[in-house]
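Below: a set of structures, written as structure tokens.
Shared between the two complexes below is chain A, which has chain B as its partner in the first and chain C in the second.
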Partner chain A sequence: MASRAHPNRLGIKGWVAGGRWGFARYMYTLHRLTGLGLLAYFVMHIFVTSTRAIGPESWEQAMEIVSGPLFAFGEYLVFAAFVFHALNGIRLGAIELGFAVGVPIEPVYPYETSVGRTQRLAKAVLMIAFVVAVWGGLDFFIWK
Partner chain B sequence: MTDAAVKQVTFHVRRFEPGVDRAPHWESHAIPLTPGMTVLDGLWKLKELSAPSLAWRSSCRMGICGSCGMLINGRPRLACNTQISELGTDVVAVAPLPNFAIIKDLVPDLRPMFETHRELMPYLIRDDVAEQDDPTLEYWQSPHELEHYLQFSYCIKCGCCMAACPTVATDPQYAGPMPLGQAQRYNTDSRDGGFAERKEVLSGGSGPWRCHFAGECSQVCPKGVDPAKAIQLMKRELVSDLLRMRKRRDPAPVVQPPKGPRREEIPAAPPRTAGEA
Partner chain C sequence: MRDRTLWTWHIGAGLVILVLLGLHMTIMHLNATLGLVGVGSDEPIAWENVAARAGSIFFTVTYVLLLGAALFHGFYGFRNILMELSPGRTLRTIINVGLSLVGVALFVFGTWAALAAPGAASMGG
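What follows is the complex of A and B.
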């Protein structure tokens, strides 16, 4: 018998909605989005630099197109995405190897989860490093 | 108390009648709020007063059976464990747990979750089948070994974590926090010897590597199980196993009866109630 149940999977919407709107969820979503962004950049990058194989003229032409202020800003965004993805990647790498999540405890209300405690410190360090790096990047990409 | 003094609370409930409705829709009802009223109490009142055909699942009304997981004001929670007053508003929106198909109204189809749960073998796996079927003695376990999995064993299989997980939301293949948390619960039980068997299932594409620690499962879990922690610890075990650094241990043996003379003041054990005498 075919099921008459109505599908209710959240899909992409579930990346931002569905639970308690914890900070880690936004980092999860941002990690995926920056990952996709970096992938798109790499494809574009290979495409643009491959024009050199065709000849110096098309290389010059391509360089002309990507030298405007819009592209400078775009490059800056790619840099910011890279910094976030790299720093958060280090955090995730450590966590997914079971570091800084704590040991099993007896759950006593109010519950303290692995997402709190040490994770709070890790997220704060990550955010500070991100802001410092992105601020430094302004100098290189925008005000050069 | 006059009628005018009775505080009202508005329930928005998501309704779906299979075979009749093409899509779920919201329905609103006001009910009188009584002190100490939980969302589950509210649903009963609503059924009594204005929506007799409203369907949901509940049983124990004390956070033990795991039947009443629902999306309450945007968060997966247990209806019986949620005071309306704690929501801080007099509008309560109740929808079925997302990421599960809707059978009717607030009843989610939890079967896919339980099927995955079963696939991950949530029971002690040991060689001594005869001893398991007809126990003669207890398996040995220290309080310290108990702590390794006790937290994860508090899970009531309500599915709230599955509804909150962003990976479950986009990946129907992903096992999800509940089954994975329970696999870890048995993997870390000192009486269990099933790690190698579960590993076969766990190291696949549906296993813990799909989780990227959004931590939502742990934030919503009404029992403090912290499945996100279980999953990260599981990954650690899998990696150290791959690097051949995982400590090998045999499943705990049965406790041998104490040797030496028996102390007089200890009463004899009651007669057996199961198996051959």
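What follows is the complex of A and C.
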């Protein structure tokens, strides 16, 4: 059966060039990059934590390998990626379900859309929540 | 299965992850804060605490649920990224089958670890 999808002419190049989509496109790119990073970490996490099924020696050995400042910083990056991905995921889910798109407004010049207004607010709330969470996370991952 | 159904599951899995991973991170990283209200442990990754959680039905069930939800959400998201790059029909099949097999294999392995852990905990003390 032929695909009804539009051809993706830009490919991965479309991820880096925001074009007329602007900031939302960069959030889209970051959502994907954080998603891929989280998936890679999660697969590794499954293998590391599965050592608990073998016994205490294996567990201690695995924990020894993933300890140290480099891994602590890596964990912090994973935490930051999770926070961004989760907050942006909530924003995208809200849009998909028809929330956070505002009520229709009269089409008067210069034709600003309700989506634009509400989404600017949603993005601002997201970024503030992200900064607060990531700043707070320093205390638990880096300065612990 | 139709993409619309899979997409709905993708969003549902995201909500499950939000709750369960939030809980997981609270237990593993906010232990000092939890200690203020008399719950949690000083060293969540110390073997005795790992063993205690492994022996709990609640933790075993939530681990397996989180494992399934995160694997589905992650691999379906990865598949969508690859599909947007307009692969040919054969490559699409390889991506669909390959990612499904890897996802199922990781789920089986992770579930085995969650179910075998109580035995290892009782042996190791």
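FYI, the second predicted complex is superposed on the first by the 121 of 144 C-alpha atoms of A that agree within 3 Å, B and C clash if a C-alpha of one lies under 4 Å from a C-alpha of the other, contacts with A are read in each partner's own complex, and residues count from 1 in each chain.
Operating definition for what follows: a contact is a pair of C-beta atoms (placed from the backbone, for glycine too) under 8 Å apart; a residue touches a chain by one contact, two chains touch by 3 or more.
Keep in mind that this is a model prediction, so the values were computed, not measured.
Looking at the shared chain after the overlay, A:96 reaches both chain B and chain C.
When the two complexes are overlaid, the chain among chain B and chain C that reaches more residues of chain A is B.
When the shared chain is aligned, chain B comes close enough to touch A:115, but chain C does not. In the superposition on chain A, A:68 makes contact with neither chain B nor chain C. Of the two partner chains, chain B is the only one that A:104 touches; chain C does not reach it. Touch criterion met: A:12 reaches chain B and chain C at once. By the document's definition of touching, of the two partners only chain C reaches A:38; chain B does not. In the superposed pair of complexes, A:86 makes contact with chain C only, with no contact to chain B. In the superposition on chain A, the residues of chain A touched by chain B in one structure and by chain C in the other are 5, 7-8, 11-12, 96. If you check the complex, the residues on chain C that touch chain A are 11, 14-15, 17-18, 21, 25, 29-30, 32, 45, 47, 50-51, 54, 67, 70-71, 74-75, 77-78, 81, 84-86, 106, 109-110, 112-114, 116-117, 119-121, 123-125. Of all residues in chain A, only 5, 7-8, 11-12, 32, 35-36, 38-39, 42-43, 46, 49-50, 52-57, 59-60, 63, 79, 82, 86, 89-90, 93, 96, 140-141, 144 touch chain C in the complex they form. Those residues of chain B whose C-beta lies close enough to touch chain A in the complex are 16, 18-19, 21, 23-24, 74-76, 96-103, 108-109, 147-152, 154, 163-166, 168-170, 172, 188, 211-221, 223-226, 228-230, 232-233, 235-237, 239. Listing the residues of chain A that touch chain B in their complex gives 3-15, 17-20, 22, 24-25, 27-29, 31, 92, 95-99, 101-109, 111, 113-115, 119.
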